[in-house]
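Both of the next two complexes hold chain A, though its partner changes from chain B to chain C.
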Partner chain A sequence: MRVFVFVGRRLLLLALVMAIVSVLIFGIVQILPGDVAVMILGTSATPADLASLRQKLGLDRPAALRYADWVGDAIRGEWGTSLLYQVPVRPLVLERLGKSAVLALVALAVAVPLAIALGVLSTLRRNHFLDQAVGLVTLVAVSVPEFITGTVLILVLGLQFGLLPPSSLIDPRASLWSIAPSLVLPTLTLVLALLAHMTRMTRASMLDVLEKPYIRAARLKGLRPRVVILRHALRNALLPTVGIVAINVGFLIGGIVVVETVFAYPGLGRLMVDAVNHRDVPVIQMAALVIALTYALANLAADVVYAYLDPRIRY
Partner chain B sequence: MTRNDEHRGGTRDGMTRRRLFELALAGSAIGVVEPLVKDQERGRAWAETPRSGGTLKMAWPSSPRTIDPALTIQGDEYMITQNVYDNLTRVDERLQVQPMLATRWSSDPQARVWTFHLRQGVKFHHGRELKASDVVLTFERVLDPKTASPGRTALGPIEKVEAVDDYTVRFRMSAPYADLPVNLGVTFGRVLPADRADKIVSEPSGTGPFRLVEFKPGERTRLVKFADYWDRPRPYLDELWQVNIPQHATQVAALSGGDVQMMFEVPVAFIGTLERAPGVSVGSVKSTSFQPVILATDHKPFDDNRVRLAMKLLLDRTAVIKAVWQGRGTVGNDHPVPDINPLHAPQPQRTQDVARAKALLAEAGHPQGFSAEIWTSNERVGMQELAVVVQQMVAPADIKLEVKTVPWSVFNANVYKKKALYINNWFGRATIDETVYPYFHSSGSWNEGKYSNPKLDKLLENGRSSTDPAKRKEIYAELQRVISDEGHYAVTYFTQYVSAVRSNVKGYTLHPLRWCDFRNTFLEA
Partner chain C sequence: MTRAPGGEPVLAVRDLRVTYRTGAGPVRAVKGVSLVLPPGRVLGLVGESGSGKSTVALAVMAALESEAEVTGEVRFRGENLIGKPERELRRLWGRRLAMVFQDPTSTLNPVLTVGDQLVEVLVEHEGRGPAEARARMLELFAAVQLPNPAEIARRYPHQLSGGQQQRVSIATALACKPALLVLDEPTTGLDVTTEARILDLVDSLRQRTAAGILYITHNLGVIARLADEVAVMYAGEIAEQGPVGAVFARPRHPYTVALLDCLPRIDRPPATRLLPAIEGTLPDPRAEVCACQFAPRCALAQERCRGEHPGWFETAPGQGARCFYWERVPPPGTVRAPALAKPRGRASTRPVPLLEVVDLVHHYRQAGGLTAMLGRAPIVRAVDRVSLGVVPAETLAVVGESGSGKTTIARCVTGVLQPTAGEIKVDGRPVPRRPAARPRKLRRRLQIVFQNPDLTLNPRRTILEAVARPLRLFGLVDRRTRRSAAARLLEAVGLEPRYLDLFPAQLSGGQRQRVAIARAFACRPDLVVCDEPTSALDVSVQATVLNLLASLQAREHTSYLFISHDLSVVRHIANRVVVLYLGRICEAGPTEEVFAPPWHPYTEVLLSAVPSLSATSVTGTIRLEGPAPNPAVLPSGCPFHPRCPRKLGPICEREMPPLVTTDRGHAIACHIPRADLLRLQTAAPVPVS
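Showing the complex of A and B:
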């Protein structure tokens, strides 16, 4: 019962956050130079044409009313039409969201267990060769920009050895299994970029926890090292890592434009950048709102996981 | 009949029009069996028979914004509409006009009234037969100011389009216009179905060889074979995809790995890599694109033709092409008509002559040279390199240039038509009239050098109204000479259009206007 109350309160908070975010998104789009009518009609339009289009689009009405309309339409699922491509915004954004979600889930499914395992291994072999090797490799991987890692992976695995498809051209009719190979290289690139942060956070907080009196007590009690590490130390040490994973979910959905571009992966990030470049306001607004929502939901999920990991946590 | 009959290779006596047309089609089929025709190798390797089936994926760095032919302005959009729709006429790879939906046409002697006869039995993708009313709607729609089509002024001075009967269409011009058949073959002239004018984007239907089944902007556009195409057995491909791959490096990887079968355009930097890649063929064709040095006649010192001519004489064109395009390009002669244009006139090639340039400068009152800024943009390949090369080449005449580089958007706002000396980037056009008139007529919309010469204006107007091939040839030859000697352009080169395919792609010919026609393309087993 308690958990429902907790989640319910968090959901109310989330609604508040989304309301604030929507005001920010709408406000920022309003102050972008050049309005929608100019964008649609181009530079050769007459002032009369512009005025009539503004009236048709309702751009002459007060901003507060237009904001209310936009929010109302967004909630009712009427997301409008893309100015750039003349197609409905909702399928455009949702389909890209789905593709971004697939890549994000696959990348996290590989990166999170790997990072935790490497973090734990580093603490167990602290300051030895393995610890230093893990530190060096993950730091190098995070320091090299993704467009370089991605390109090198394409060159080596895709072209030199011909093991994997170098781009992510997904056939809409293909089965999940047959598209899997084209996800390998982008996933690998993302994993390399994500690994360092999570590994080092796990390692640092494991080291911290292992110094705690209750670990000494557990050891003195005669528990097997595996139980001490996994049940007593790791569970407590994971809290900061969970926070980082949550932030990365949002990042993977909306912020990996570089990887999406290098591998020609049709994700939400690229859609957003194209829309901004072409002042495609309906797409900018909805894509931004969807990305913000994923961040908020991921953080909500993290809060639930916190509470599970550490029963003392109450909100 | 006033169709331009200057086919290269000539025609034989006693041939019927039908036979001629069949030959023209066969000719195009012959031309296209080569793996991306290289200029010199045209006409080889013609023994293969096309094979049906397969999917061809073509990589593009950009994505279409719209699939409404009246509103298309980019190559990626042209590729889609070219394969979904047909035009009345076809502008072929030699920039000659050929029949397509119109089987024949004629005009009155003044080139003011044009009559086009339509092919019968042509079906739209939704099953209805093509009628003259469809053609009328198509052009009325482009000409309607409400459509806001860039084609409204580009198609020529069309006053009225009318259906004479179901298979005959008449165009009435407000001024003589000999180039109309060529202009109807360009991107705005795709013939649309009159009964679906409000569904051009949502449910496109054309008479072309492929149906559009999926349009995912920024991702891909998918076309599938139209089984009832009038020109059976074409098309040979089952599916034709346009896929959006923003990075050229990724495109190169995708082509080398066989993920895509074709790259729209290969930048100079990647040509070597692809030429060494197994299973890939690189092809190139002379294009109509050029990058002129603009010498604006409304600014000193370029108001004096001696200074303009001196600038032209200081440029070593072969060296320019080597420095800017690694040797890939055709030498230009200071006018915008490329040698692939059927009305290009052979003239003595202008070559570097520093002594004569210095003498002209001295005569014009600049014995010590002068200083100026040369403007260019870093967002179009070649422009910046050309500016630096020009800076070095005019230095021996004591002309000191400072290179000013700006982004393309700033260039269009503050440099184009405003500065005295700059590099520009033009794609070139299908018709001779569009190639010269807007750029050099004193009232021309793209006359960026404010060049005004009553004699040239007269020549440009005469060219428009003349339908006699010999007369046209004479007029346009004179016109090219005047522009070369006195105009505000120093044209040092025309660029090449370079593309690459998997070696099993056959029956595709590169078009100098960078158009992509897949009617004859097939995949070898």
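Showing the complex of A and C:
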């Protein structure tokens, strides 16, 4: 029961956040130079043509009204038509979202357990070779931006040794299975970036927890080291890590835009970049909204997991 | 099982030495400690901070960090634990050798239920199945008198009170019937009524088990209450050891005598406001030991003491002391405390109150921020219609346990918190609630000393800057006179001028508290609010600080609003006392009236709970039952009724008892008439359930 109240409250909060975000997105698109009419008719159009088109599209109405229309349509599922591709926005955005989600989820699924395992291992072998190696590699990986990692991977694994397809220029309609090999490099790039950050955080919070009086108490209860580490320390150490994963989802979304561009992978990030380049306003707005919603939902999920792990915040 | 004293000792420590390797050279924490503990006995290890007692506890558990260099022997049933690999120790830990730590909140794992934290020990050591282990866990929880064990077992540590948490820790330590139980300050930080019940529990344990108990504490009263033998530690050595009764009656080491003498007594009125404090500080733990370590602070010290390290002298059968001149050591109570410089100026007629608090109310909502916005947080009635007054040059003590509202009153007076209703008056004039609206002059006249001096001392400012800041703020000095004025202030609190250029971190806790007091007194305030100023300090330092407060008061005619949970300190320092329970006054009056019967039933419980060196005037043992008070859910009628051992009947649940004041100014809020209370409390004790 309390869980529902808890989640219910967070959902209310999420609705509030989304309302604010939608205003921001709408506002920013308004500030972009050139409007939809210019985009459709091109720069050579006469002012009269532009004016009549604006009237037809309702662009001459006050911004508040247009905002209300947009939000209403978005909620009803009428997301409009892409100016660039001339197809309905909804299937387009959702299909690209699916592609990106595959990339992101695979990256998370690989990175999170690996990061926790590496973080725990390096605390156990503190200051030994493994710990130092992990420390150094992750430090380098944290400092290098994805487009460089990606490019290096393409050069080495893709072009030099020809092990994997260097680009993910794939037919958007191809099945997931057939495109699997071309997913490896982009995923690997994301995993590297995520892994480094999360391993460092896990290690730091493990070290912090191991100093706690309850760990000493557990040891002096005569429990085996495995029990002390996995049962007593890890669960406490995971609390901050969950927060980090949530932050990393935001970071992942940013990273995906870069990675998709580097590998020409047809995901939501690519779509967004293309749409901005071509002033495809309906797509920009909806893609941005969907990205924001994903991020907010990820944070909500993190809160729920956090509450599950930490009995102190169950109210 | 019966108590079986004698026989092969459970624990025999021989010449234990522990040295920490640090960047600043080796720190000798323990310098040759020997102890013997027979089964079924309680050995009390008492000492102030820095004495090395906790290091001894960890060494006995063979649980010191690898940075510590340990030599000597720690024999557990004849088996030396020092140098044993952790693999083998693990078979002893939690099974044969168990430990309970101070502060149960941090020693219980926050994300596991308390039941699971006990069950895992049974599973690990006795290989029990889950169902069997659970059944045994419930038995153990019942044995430590946890109410409703099955329900408690499912809870997480934060859902239990401090006393319950410590019961869980004790039950866990007892799970496998250990032969040796080490208790390291298990009641420090708990309220006195909770402490009393934990001590009762330990006392009943020692009757029931054959385990040897090593009890580490700084509290001599606890030792007197529980232990068979006592070892007094000073600077990493045992100064004196022997049967508790003999050591406390006729100590043979000057340090033991000084410790006993500097304790404020709860059982008798103070002869003078000054205590025989132990001047000086502990020796540097990095120095080689080649003299008596107590020599710089010892009144009996001779030339020999400064050049030669005293050995162990057998002073009586089973009693010994590390002192050359143990035969000359005077019995406790014979050292005269220095007299106050000037007699306290007492006005014969009732003077106008300096500070008046009228019907003070402070309510707040429990949680802040979003939770308060989205959910409905309960209203906490921290203080409910409290009135009190302080006249010039007197000390009014406000006593209570956690949740009593005593600190809230102090914060309202100083302007940190704003009262929900009621008035605060100085010299009969109402004071603005917001501190910013208070006139400068008023802020100068009203100062505060906190429990933790670090709250007022900026770590990056020197002592000079700290002390001179208020002087500058109120325009009392300029650049040139600032240093000499600050030096005079330090001198008044017994610190030399050389401290002026040091930073707070370079001073000991007691010295920092003295600086905080110097700072509070810098502008010659009329009223100082002292919020538990000595509760974080060792008893010897506490005596110094209490003396300082008393002499400053005698000289400057300052008034104190003294917030404390320590009844002994209160009896020593206060002229008048107010006892609070759940934000309401239950008893108030001149100190000696409050400490003599008739008492409010709550005061009676408090007095009975204090572990003391000698029996208090309270007849019998009275303990608080029932749940810990929660100011968010106030009981109807008398707030004390759910736990009152003398509850009269339904009237206590229905009606709030009025505060009835005698013509001598002693007030009690209880439905039991004064005469009946007096009769009850001087007659037979209440039966304990």
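As a convention for this text, the second predicted complex is superposed on the first by the 296 of 315 C-alpha atoms of A that agree within 3 Å, B and C clash if a C-alpha of one lies under 4 Å from a C-alpha of the other, contacts with A are read in each partner's own complex, and residues count from 1 in each chain.
Keep this in mind: a residue touches a chain if its C-beta (ideal position, glycine included) is under 8 Å from a C-beta of that chain, and two chains touch if they have at least 3 such contacts.
Predicted model, so just to flag it, every value in this text is computed and none were measured.
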For A:151, is the partner it touches chain B (first), chain C (second), both, or none of the two (neither)? first
Touching partner for A:224 - first (chain B), second (chain C), both, neither: second
So in the superposed three-chain picture, is A:84 touching just chain B, just chain C, both, or none of them (first/second/both/neither)? first
A:264 in the overlay: touching chain B, chain C, both, or neither? Say first, second, both or neither. first
Which partner chains sit in contact with A:311 here, chain B, chain C, both or neither? Use first/second/both/neither. second
Does chain B (first) or chain C (second) touch A:76, or do both, or does neither? neither
Quick one: is A:214 in contact with chain B, with chain C, with both, or with neither? Answer first, second, both or neither. second
Residues of chain A that sit at the chain B interface in one complex and at the chain C interface in the other, please. none
Chain B partner, complex, touching residues on chain A are 41-42, 45, 82, 84-87, 92, 95, 151, 154-155, 158-159, 162, 165-167, 169, 172, 261-264, 266, 270-271, 274, 278
Can you tell me which positions in chain C touch chain A when the two form their complex? 61, 63, 89-95, 98-99, 101, 103, 106-113, 120-121, 124-125, 156, 158-159, 169, 172, 370-371, 374-375
For a test of understanding, state which residues of chain B touch chain A in their complex under the given definition. 57, 63, 65-66, 68, 148, 201, 214-220, 243-247, 249-250, 253-254, 256-257, 259-260
Any idea which chain A residues touch chain C in the complex? 9, 12-13, 212-214, 216-224, 227, 231-232, 235-236, 239, 309-312, 315
